[in-house]
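What follows is a group of structures, each given as structure tokens.
One chain, chain A, links the two complexes that follow: it is found with chain B in the first and with chain C in the second.
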Partner chain A sequence: MHLFFQELLNGLVVGSLYALVALGLALVYGTMQIPNFAHGHLYMLGAYVAFFGVTVAHVGYWPAMLLAIVVLALVGVVLERLVFRPLRNAPEVNTIIAAVGVLFFLQTLAQVWFGGDYRVFPTPYDKVVHFAGLVATQQQLIVIAAAAVLMVALFWFLKRTLTGATIEAVAQNRAGAALVGIDPNRVSMMVFAISAGLAAAAATLIASISLISPSMGFTVILKAFAIIVLGGMGSVPGAIIGAYILAFAESFGGTYISSNYQDAIAFGVLVLILTFKPTGLFAKGT
Partner chain B sequence: MLEIKNLGVRYGAASPALEGVDLTVRPGECVTLLGANGSGKTSLFCALSGLIPSTGQIRFEEREIGRMRPAAIVALGIAQCPEGRQLFPDLSVEKNLRLGAYVGRRDRRGTEAALERVCTLFPDVRDKLRSPAGALSGGQQQMVAIGRALMARPKLLLLDEPSLGLAPKLVEATLDAVAEINRAGTMVLLAEQNAYAALSIAHRGYVLANGRVVLEGSASALQQNELVKKAFIGA
Partner chain C sequence: MRRVLWIIAAAVAVAIPFLVPKTFYLQIVAGAYITAIAVYGLNVILGYTGLLNLGHAAFFGIGAYAVALLETKAGWPFWPALLAGCAASVVLGAMVGSVSLRTRGNYFAIFTAAVGVMIAIVFTNWQELTGGNIGIVNIPPPPSIGPLAFDGDVPKYYLVLGALALTILICRLVRHSLVGRTFVAIADNEDLARAAGIDVARVRLTAFMLSTFLAGLAGGMFAMYNGNLGPDQTGLDITFEQLLYLVIGGIGTIAGPLVGTLVLVGISHELQGMQQYRFLIFGPLLVLLVRFFPLGIAGGFSRLTARWAAR
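The block that comes next holds the complex of A and B.
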């Protein structure tokens, strides 16, 4: 039973990371039908911005995270304006190729600027906490709590503010949104900013538990895509639920069945769910 | 006052969707735009709202709006209830309406007053405020679509075939509502296939065919016109 709760905790940590990354991906897909393959690399870039914030500029952990969020939000806006907006009315495959192009561009940029080495992200929260026989680092608890706060904030923004409603309006009917005076291009930029900002927050949270490197975006983006397919393409609640399902399948599968097959088990669960709900858990109408 | 001069719209290399259209809506007027499918009514509305590029002049209250963006046009006081309604299906009716007031969002009191006005005009809408717009019947969705356009507190309301697909009784109710909106001082430009009903509430009318104005006149003159009778009223 003790092992069970320990794995539950680990699943929550990983699930929180997946949720923040998948949410950004789902928002962009849901609003603009852009499969942003470069999303994992925005996450990577966010980790480096925070890393240099802490190690070079010595601004402290939380200011470094804020810095990473702001910088990546700006990168997101630039990406929308320069890469994706001109492709708005182009065939979807062009958008996909552009996204992959951005991925390789950022990957190479990071290799050149930061080098290919793995780096350790220093955290001030490395103490170990014991409670009820369970062991966790402070950083792990911070990941869970911070992710929860960010998700609640995002939900509040989307559901309770008029600006948040404009995102859903553009997602559901772009022409209708323009007719009530919403500028769909501005909403697109805002969505990219939020999406990349969330990725930066996720990266800063998890970087001090794992390591950072220019290729850290690859595994994350694969899982995030699997999650939004599982959740129903573009669904925000689907992305969150899907993230925790995948994370729990990994942590429990790894513990109770075989750690060698951890990913195989997790993706097996995914395939199983999609067999019964082919359009995902929270598929949108049509 | 809306003044359109020599308006043209062209999609690609095909023959123009609109050519040389002159049209005016004077203060307080309800003007109807008659024409068969494909005659250019929707193109005219899209051009007015800035959704598609056009040539020629579109002046609204002494300002040239032909090259303005949709949001700026709504902010000037031209709101459209488009063909096919274009609601936000998964959002509640109330959110659909509140988004209609997006350009006037800083005027909270004005927004609440507009919401109350829409609910008074369409009592069915008040009962459905919490439902997703997509779950409503066609007639109710039409009310929401008109209501959403009214939420912008427009000086000129553009209505693109509001009665399309509605049962005859609902057509009457919808057009009664339009007449009431017009009586309260809003200029209305109403595109309709149902010429008889439209002419009964309009002051003047234009008939479009193949992207050109082929006939214009007062509502009563058009009602008596043989061409209109033969083409639209079926008498």
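The block that comes next holds the complex of A and C.
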């Protein structure tokens, strides 16, 4: 039973990470139908920005995270403007190909700039906390709490502010939104900024638990896709629920079934869903 | 004009072992041919039917591992092993295709990516069978047929060249056959094709199976040529690389996969010291190509010659 609760805790930590990454992917897909295969590499870039913020610029953990969020938000805006906006009316496949180009570029950039080795992200919160017989590091608890705060903030922004409402409007009907005076291009840029910023936050949070490397984006992106298919492509609450479901499945599956195939669970889930429901779970009527 | 170019290309390809001084270069060219076969497979599904199979490299892996395992563990000679490898790839292709082809557009790409990564995970983790990350080594060369021996670099080169020629021939035949035309009809306008009486699901599955057949053939050739094999040949990044070659060569064209692969492999080796930097150029290049020049080299060339002819 003790093991069970420990895995529950691990599942919560990993689920928080997945939720933040998948949220960004879902926002972009929901508003623009762009499957951003480079999203995992934005996450990787965010980890490096924060890493150098902490180790080279010595700005401290939280300012480094803020720095990563800001830098990545800018990168997101540039990507939207230069890569994805011109392809809006192109075939879907072209958007994926362009995203692959971006991914190649970012991965090589990271490899050349930062080197291919794994790096340890130092955290000021490495003390171990004992609670009711369970063991957790402070960092793990921070991941859970910070992710929750970010998600609540995002929800508040989307549902309670006018700017947030414009995102929802564009997601529902791009032309209609433009008709009532919303600039869809501005919204697209904003969504990319938020999406990349969330990825950077997720990367900074988790980097001090796992290691960082130029290839860290690859597995994460595929899992994030599995999650948003699970949660209904483009649905924000669906992405969060999907993230925690997948994380628990991995956490318990890894312990009780096989740790070698832990990573395959996400893809198994994805394949199963699309096998029985080719348009994804909770697909909006298309 | 085009026929002349093909004949010149074939003549050069046959003469290469006598022209290049070092086996090193021969190996690079043969490696490029093998990749080109796989890229032709990707072209069948993406270029002819407009569907992006992101698990393509996994089917390459199925062919390669089948050949390697049958040769090293079951003691089969190369030829039947190659047949079995292609068959395994096609059977799996039929299974994956019959499910994945029910999805559309982005879902299809994501679905096949997931299948591909799952297969790669199995290659990495089923250590007793696949040797895990180390892979399989000492795959024996093909046994000789009569006086033809296949254990040197030059004979192996010709074997790979033969497979490539066969691939191009198949693609050409299919493209100009009724089946090939239905592929394109569906890609252009699915509803119209259906209204014209085309069994869309079946035609798509045919294209998918042909595509995985070529991937399996390339994989078998890879196992044979290199004599060893690891799971890093089957990952998503390899599919992405093949996609790059295809886009640069020209999606949906007959010469595109070969031209794109040769040009990029050539450039990569020219930039020796810059190997690791090459994607700093190729990445943005891919973005620019899909935006401004989606025809690629071969497509651009045909448009150019068509303009000449019209003059």
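Everything below uses one rule, namely that the second predicted complex is superposed on the first by the 265 of 286 C-alpha atoms of A that agree within 3 Å, B and C clash if a C-alpha of one lies under 4 Å from a C-alpha of the other, contacts with A are read in each partner's own complex, and residues count from 1 in each chain.
Assume a residue touches a chain if its C-beta (ideal position, glycine included) is under 8 Å from a C-beta of that chain, and two chains touch if they have at least 3 such contacts.
Bear in mind that the values here come from a model prediction, so they are computed numbers and not experimental data.
When chain B and chain C are set side by side, the one touching more residues of chain A is C.
When both complexes are overlaid on chain A, the residue A:Asn173 reaches chain B alone and has no touch with chain C. Contacts of A:Pro278 after superposition on the shared chain: chain C is touched, whereas chain B is not. When the two complexes are overlaid on their common chain A, residue A:Thr55 makes contact with neither chain B nor chain C. When the two complexes are overlaid on their common chain A, residue A:Tyr261 makes contact with chain C while staying clear of chain B. By the touch criterion defined above, A:Thr161 reaches neither chain B nor chain C. Of the two partner chains placed by superposition, only chain C is touched by A:Gln111; chain B is not. Once the two complexes are overlaid on the shared chain, A:Val93 sits against chain C while remaining clear of chain B.
Chain A uses no single residue to touch chain B in one structure and chain C in the other. Those residues of chain A that touch chain C in the shared complex are 33, 35, 82-83, 86-87, 90-94, 96-98, 100-109, 111-112, 218, 222, 225-226, 229, 233, 260-261, 263-264, 266-268, 270-271, 274-275, 278-280. On the chain B side of its complex with chain A, the touching residues are 49, 51, 69-71, 74-75, 79-80, 82, 85-91, 95, 98-100, 102-103, 105, 134, 148-149, 151-152. Within the complex, the chain C residues that touch chain A are 46, 50-52, 99-100, 102-107, 109-111, 113-115, 117-118, 121-122, 125, 236-237, 240, 243-244, 247, 276-280, 282-287, 290-291, 294.
Contacts from chain A toward chain B in the complex involve residues 162, 165-166, 168-169, 172-173, 175-183, 284-285.
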